[in-house]
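Chain lettering (A, B and C) follows the sequence in which the chains are written, and residue indices restart at 1 in each chain.
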Amino acid sequence: MIRPLLSLGFLTFVAVVLALGLGSVTVPLPEIWQVMQGEGSALNRALLLDLRLPRTLAALATGGLLAVAGALMQVLLRNPLADPYVLGLSGGAAVGALLAMLAGMGTILISGSAFAGAMLATLLVFGLAHGTGSWTPSRLLLTGVVVAAGWGAVITLMLAITPSYKLPGMLYWLMGDVSYARAPWPALAVLVLSVVLIMPLARNLNVLARGPLQAAALGVSVRPLEWTIYLLASLLTATAVTTAGSIGFVGLIVPHMLRLVLGNDQRIILPASALAGGTLLVLADTLARTVIAPEQLPVGVITALLGVPTFLYLLHRSR
Amino acid sequence: MSRLRSRDLVINVPGRSDGYSLNLTIEPGQTWGVLGPNGAGKTTLLHTLAGLLPARRGEVVLDDTPLKDLKRRDIARQMGLVFQERQDSFPATVMETALIGRHPWLSPWVSEQCEDQTLAEQALEALDVEHLSDRLLTTLSGGERQRVAIATLMTQNPGIWLLDEPTNHLDLHHQVKVMNLLQAQARSGKAVFMCLHDLNLAARWCSHVLLLYTNGDACWGPADSMLVPSALEKLYNQKLITVEADGAPIFVPVRPGPTP
Amino acid sequence: MSIHRLGVRVALGFLLVVVVQSLSAGEVQRCAVDDMGKELCIPAPAHRIVTLSPGATELMFAAGAGDKVVAVVNYSDYPPEALKLPLVGSHTRVDMEALLALRPDLVITWVTGNPPAQMELIDELGIPAFAIEPRTFEGVSSVIERLATLAGTEHEGLAEAERFRVGIAALSEQYRNAEPIPVFYQVWEQPLMTINNDHLIGKVLQLCGGVNVFGDMPRLVPRISSEVVLQADPHAILTGSVEGVSDGQLDMWKQYSELTAVKKNNLFFVPASPISRPTPRLLEATRIVCDYLDSARER
């Protein structure tokens, strides 16, 4: 059980080293080592410590957060197509953040507003899907998709009435990017804490994946568990969105790929999602900033280009 | 050793008047069969007894505590349920499925140990599915999956076994095997309570029978006092012929046709 | 005295104060206030400059400091020498590593064109940054002067700023009493967008005696429907295009033969980057617009 996690951990390490080594400016490994020891030239130090390290860690945290959020949502809805992006959580967070930008608020308030948006989206989707009492996964998924479309319309409306001078900041943010992410530590902390705290619940999630009745018959308090997952997934999504804007499909593809390889034991899938999601985004971001350098691609474009075909393939195969 | 009782229980079948309230006592050692036509509420009764559905009136008592005062985890240690319908949104192997039965016995931080593995292996073996233990559930036949579900309950090893149509999809050999296994479990001190649609399985293996009518009426008692043609004909609205073989009654429907 | 003259006095006086202050401090320090109101002081004339908008590149060359620009962003196509300079990405996505590795001693940012997060990062990296965005004719001259101050090219810079100032003043004088003519400026065809009087293009129209039919709209770049254009019935319709030749962008109006601008064949194309960038080339663009409006009046 530990072995796949160790292998993934090693992969993550390799990806981070690669991300630190690759860029518009090549820094050879020995010099990276020097910088890590507190030496090295001022330029290399600035390149690695001020640019690449925060950016790489932000990508690592964001990818992990989104993948774990996706894995949780999928168990909750017993549907491998669930994902914070598809369910409108990202949309709610984006609307919150854009509102704050429109009001000219600072970075911290933008984060807070994005978080409030994700929570509102959560309550909206859960509340509406709950409705008259029946609360089936398909109903929840459908509610989420419709609410997500609603957020999309609100975003378009906001962009249309936004003074043009505020547009670059907002568009940049909507596309999802870690280029200017400065403070990856809160996101990393949220990720690590969430995974540690969810681990005792992981076997409950395994049981929940068999359906709520079976789970209840095996001693799981289903409704509180479902709320816990949904709130936690919202927290993870909101943290990811405030770190790097709106990045899609990581939450969809990573848990799915892992299930194909490792099976569906959440005790492995959840930490593995954190590692693999982080690794994927670190690699995608490395690609985004080097593939047509000095032109920079938003990392959201790379993940969407990977995610859309995967999503369609899943849909195609599931019917 | 657990005992399950229902006190003035009226199950909640939508659109049906209250009917007769149930005062059942399911004791260790007993094997109950619930008989009734489609839509009589057999599954609803089973889910209500398991605490998965709210009762319309009355309550279910496990030993001396009302079910609603117990934690789900404590209930699951004493009572398990094999469902008629099963969800599998995610692929899982047979072994993983059986091990799920250990869930109520393990604390959150502990993962399955050797003895849990052994219990699961024994259960799979008892149901002739141990050779499938690495296969994905989705690749199995209906009968094989039914046996895996019963093996999961056996791995859970509660005092009270609730089963919804445990012989569904099973071939004759495995029907007999499963019924023998359930009877053996009852003899070892479990209480077994199952919905059946085969009168003759009930007649052959059940010590007690509950007849559930579409209008909500019910009667229950020792099998031999309940399994009388008049009551069964009324239950199913079907004329029956009774024959006796190997010491147990066998009920055969009368074939409609030209009267001699 | 025209308003522009007054602006010159104020700007020159300001510059003088700044320079005197820095001399009295006993250092060869150069200071200037950027368009966000922030004062930047650098110890010596900047000689490794990176410009993060095409307009900033053009202004830097106009300030006489083209040879000190070491990198630019995408679409920095004027003057042609700028095309040979290395790129550090686009104005919305700057390759920070490439920027840092160039060790610039001055980065010219674009107040509303660069994402705020990007400008914050440049600040955090400790790279001297100067944010510009001229919104008036005088702003163009003033920014050239300030850039020249920072780059130590006051000789060419002040002359170019003055050339622009005088040129605009002369046009302004020439068209002071020109017959007002209702004009519609089309920024984009689909969706249909225009500018209000606060926009620099709106100011160009006003200078030439044009009356922007949407001048009073609250938004700088309003999105409008074609119906309100028909209702306003402009006598001339202008738009920007590459090289200032027709690219079909105004063809949609030809179906409305009752429009005065169509009836009189007053559909005009202005070279796009001179009219839309706040740089000295705006003077040429303004001349073209004024000529167009002249011919529109004659028809």
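The rule is short, and it goes like this: contacts are C-beta pairs under 8 Å (C-beta built on N, C-alpha and C of every residue); 3 or more make two chains touch, one makes a residue touch a chain.
In this text, all values refer to a predicted model and were calculated from it rather than measured experimentally.
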Topology of the chain contact graph, where touching chains are joined (line, ring, star, complete, other): line
Chain nearest the overall Cα centroid: A
Farthest chain (mean CA position) relative to chain B: C
Interchain centroid distance [CA atoms averaged], chain A/chain C, Å: 40
Where chain A and chain B are represented by their mean Cα positions, the distance between them in whole Å: 44
Approximate Å spacing (C-alpha centroids) for the pair chain B, chain C: 82
Chain B - residues contacting chain A, complex: 47, 50-52, 71-77, 80-81, 83, 86-93, 96-97, 100-101, 103-104, 106, 108-109, 111, 156
Chain C - residues contacting chain A, complex: 74, 86-98, 100-101, 103, 111-118, 120-121, 124-125, 219-221, 223
Complex contacts: residues of chain A adjacent to chain B: 1, 74-75, 78-80, 137, 199-201, 203-204, 206-207, 209-211, 213-214, 216-221, 259, 263-265, 267
Residue ranges of chain A in contact with chain C within the complex: 23-25, 43, 46-47, 50-52, 107, 160, 163-166, 168-169, 171-173, 177, 179-180, 182, 289, 293-298
